[in-house]
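Accompanying notes for the structure given below.
Labels for the chains are A, B, C and D, by order of writing; each one numbers its residues from 1.
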């Protein structure tokens, strides 16, 4: 079997995650090169996973005729440039989210993907999570009847530094973007309107930096269903990730994964495991599964499971939520995009 | 022991519930008279619980010098009149919710209660539920730290007829009023602002009658916490009643009560009990407990656990939610009351 | 409606439980007299529940022509004598377990009940528990297919004093007798053979007094199924009461009841309620239900739900288990009874 | 990093499991050769995992000087011969359970391991399961206090053919052997006595072939605790694997793993996932973990986590259980071994 040859741009945490998935779990692909502006990082990843080549310049991947597909795992501002360069060089691309913070640049990426006919998948890994994906199947296969309500809880175990929060583009584009995508995934359609409430209760320096750390956002979907997302930058008990879909025939809801199913009963109470610590523990299998499906989409020439539309609409929703928060009113999606 | 003498105005479902609590579960009180505009109903209740007197005119209770306390269980439009008459006649009053749909009338009731110095308790029974009350204790005793998010799910098993929905004053005053009170109970403070989204997905005739059957309402509390309530008039799996309080030190959340803890594992899956059917099953113990505490407040001259402020603010929130829905914008509570 | 007139012999804890059930929860019966060898106790119960007559001599109940039914709640050694006297006086009898520690005396009680044609119900209240009864229905209605395994866990929150343990007749007749009855109730048939292992791990003085405080007993049922019961006199987390029925089509198992469904998630873990403290909390509803069904059996002339056969076989199993423990070998029931 | 070189004898299901673990999950080892008496099977495994050499003769592994460690995954009767040959050739050995059905042969294996000083690990993978291992830690670290009761439920989803059951050596050596080892693992000591009840309720042809398919076995541990294991060859709802440890300070118990945490609530009830299908799904991570620890024991010259004593005592218990069943009496371990 000929293995698909992969180049990874960006040797940070997520680049390592994908390298591990491909090296250990996906027999029909292999990482041929990794690059990072800090060449030392690229070298470390290469040595860890036996990747034969590394470099400080991502153009070495773009220009390498052996490489079939590029994983764009570099900082957000570079996503669009690298993705476009790779597509134009005839390579399939897996691009981490968000594609860009500018809607125009995302549209440009979409156009190039269209023109080149290459595969382009966006890194919304949570769609591949065993729990959330099961809720989505039940929401989409008719088990729950006509969808009426979607609820998403998403809370991080620990807040970022105020500096990070400020530079990240804010909670909506940095954190809730995953939940916007999950909401559309569960509902099976786009969103018409959002209303955002937000405040800084976790760390007031986050508020001073112009961001929020606690937020509830409500959604009206194109299909008439209603939705609500709550985010907090800090849950004392760990990474809280739950979704609920409610329809005319019933409800599907998931619970957090713990490290075990053990319950300990003592005089102090009946104690179960806390949620698994953070996204690397909780969602590791979903990272592997999204990569497996990306590679299958290329090898079998099938549609990618998460296309550029998801990359675009999640950013649109993040912008609409920020506008709603700033202007203290519900905001129609058409005010941001496609109006 | 001298038993407190009770008169019940209104021999409908809730009048029967209170008569049953007093007769079978509260040794230090007894029902002396019941009235109903349909005298036949009053007689039936009297016979069922061994109540010695009945009548078609509630003034027979007001004028009866033996009666210490009156339970106002008649239709909503009559609550304020009967409550005021009873207070002025020197009787303690337990009044079902909502006290009235007019804020002015509720304020009048409050004034009369103040002037007469008699006890006045409002029938928000869910505060006495074993699950919700436990969450509230944890929210208020510091276990959860600084409160940040309150979430309430409240869904009925079956929708009312469109006629009932139309005449009930709408979902916010008829159904969500319980959840508005629960939200303030859990948060330990009043609400500053609401935003309501609503639609009719369950029965479009409810929408045609000008009401909604599915709604999400977000809340900003005076203490800075955020909240969200979701209501549906129909949950296929039964009466869904869950609350969640989240703070800087953790979260407390309850689950629905079923009839048993049995899990049945077969080839078809692992099946647990559905939620108990409706409010008479689910909240029966809370009805008894609110009555027990009302009678104790009288006998021991203590403050009632749910006073007229709760009766007032729940109606204010219902009105604010309706205004928000109609005007499609967040509504400050000060626009409705106390501004 | 004419109320059934009840006399209660024995004003201890269980006498009070039944008086409370009848007074507050069973409209079609009333307690007319209570007796206790300590007349003061009888008087206290009478005053607490408004019982008109009390006495220090149970014969006052036996001789009272107004009394329809007698509840035998006195110490175990007196059960048979009082039951026989009451039956012969033409009264229905509810007798607490165990009926007697002598099989011959139980057989005599059975004969008298047969001859007089009066109702005789034995106080195995756990059969009326909402959880265990649901498992039993599923075991008997075919949902689980052919029954293969029955498992019962039964652990007390706190050990008795060594003196009590010694005088109680031992763990099998004092504590596991409930589980022997539950096993036959779940299996729907009698037992053929038992094997008992026991030791004193909780309090070695219990062992020194000739009893055990920790025991596992296995059972072979007449229908071919196998069973196992485990007992401990002390569970640090409270009263642990669980049953499991397993058959060719699946399994039904229950969990302990807690005081609420609340889960508290903090840095320390996810904590749920411990089991309800002890039998008065955990099984209160079952005491009421057994009394309700006893009274209905009389009023509607139906078969009692727990007859003398259950009273007999539970004692037979306790004796067989003790013999098995002493002789360190499996013991056939036919060695004890009916061989 | 120099990778440890592995040879696998036996290219059946479990040989493939270990090859997959090493190839994809254990960076510091690699499979160099695989053999199987059916050379075609060896070749298939080799091609699947990129193993460079294969053969029909396990002596090719024994004689290969490059190979550091041998995994014995061949049929049970060959385990001892191959293990001894590998140890004598200076190789570390991982041997699947049971080591042999003859106690003398297991003792011989133990002697050879002792003499050669090579590592010898036995394949009791369940000790490495995330759930069971967590219960064991709590049982051994003092959280549960003095251990009093151990309970193990272990039921297969589907019965084997009667032919397999007959040739497998019977339920105790083929299936319950895992549970005997788990019992000693949880209790932290050996067993003194067993009593076995067994019958064929699942498939009467299994009974006709001289075996049982349903069994309860009770255990007395050296430390005074009591234990019970129940096995069934067929659970309609799937592979049921639960353990419970109970001590003076409390209880730790695990539940089955499902594929997701999703609960689906409809008019039909609240449905959760069934247990994961069978051992390859349920215990896959434990197979990887036992292999990781075997390789670490070699690389860091540490004691293996499961030594030959476990291999010996599990067979001793299986034999004692069979003798107890046949002779219908409790059997002391000293009757079988070390008496």
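Convention: a residue touches a chain if its C-beta (ideal position, glycine included) is under 8 Å from a C-beta of that chain, and two chains touch if they have at least 3 such contacts.
Predicted, not measured: the structure shown is a model, and the values here were computed from it.
Asks: Can you list every chain in contact with both chain C and chain D?
Replies: Output, common partners of chain C and chain D: A, B.
Asks: Which pair, A-B or A-D, has more C-beta contacts?
Replies: The comparison resolves to A-B.
Asks: Quick check for the class: compute each chain's Cα centroid; which one is farthest from the centroid of chain D?
Replies: So the chain farthest away from chain D turns out to be B.
Asks: Using mean C-alpha positions as chain centres, tell me how far chain B is from chain D in Å, no decimals.
Replies: Result: the chain centres lie 58 Å from each other.
Asks: What whole-Å value do you get for the distance between chain A and chain B if each is reduced to the mean of its CA atoms?
Replies: Taking the mean C-alpha position of each chain, the two centres sit 42 Å apart.
Asks: Indicate the whole-number Å distance between the mean C-alpha point of chain A and the mean C-alpha point of chain D.
Replies: 40
Asks: Among the residues of chain B, which are close enough to touch at least two other chains?
Replies: Chain B, residues with two or more chain partners: 235-237, 240, 249-251, 263, 265-267.
Asks: Quick check: in the complex, which residue numbers of chain A touch chain B?
Replies: Spelled out, the residues of chain A in touch with chain B are 145-146, 148-149, 151, 153, 155, 195, 197, 199, 201-202, 214-216, 218, 220, 224-228, 230, 232, 234-237, 240, 246, 248-251, 328-330.
Asks: Spell out the residues on chain C that touch chain A in their complex, using ranges where they run on.
Replies: Counting only chain C, the residues touching chain A are 235-238, 240, 258, 263, 265-274.
Asks: Within their complex, state which residues of chain D touch chain A.
Replies: Contacts found on chain D: 24-25, 130-131, 134-135, 138, 143-144, 249-257, 259-267.
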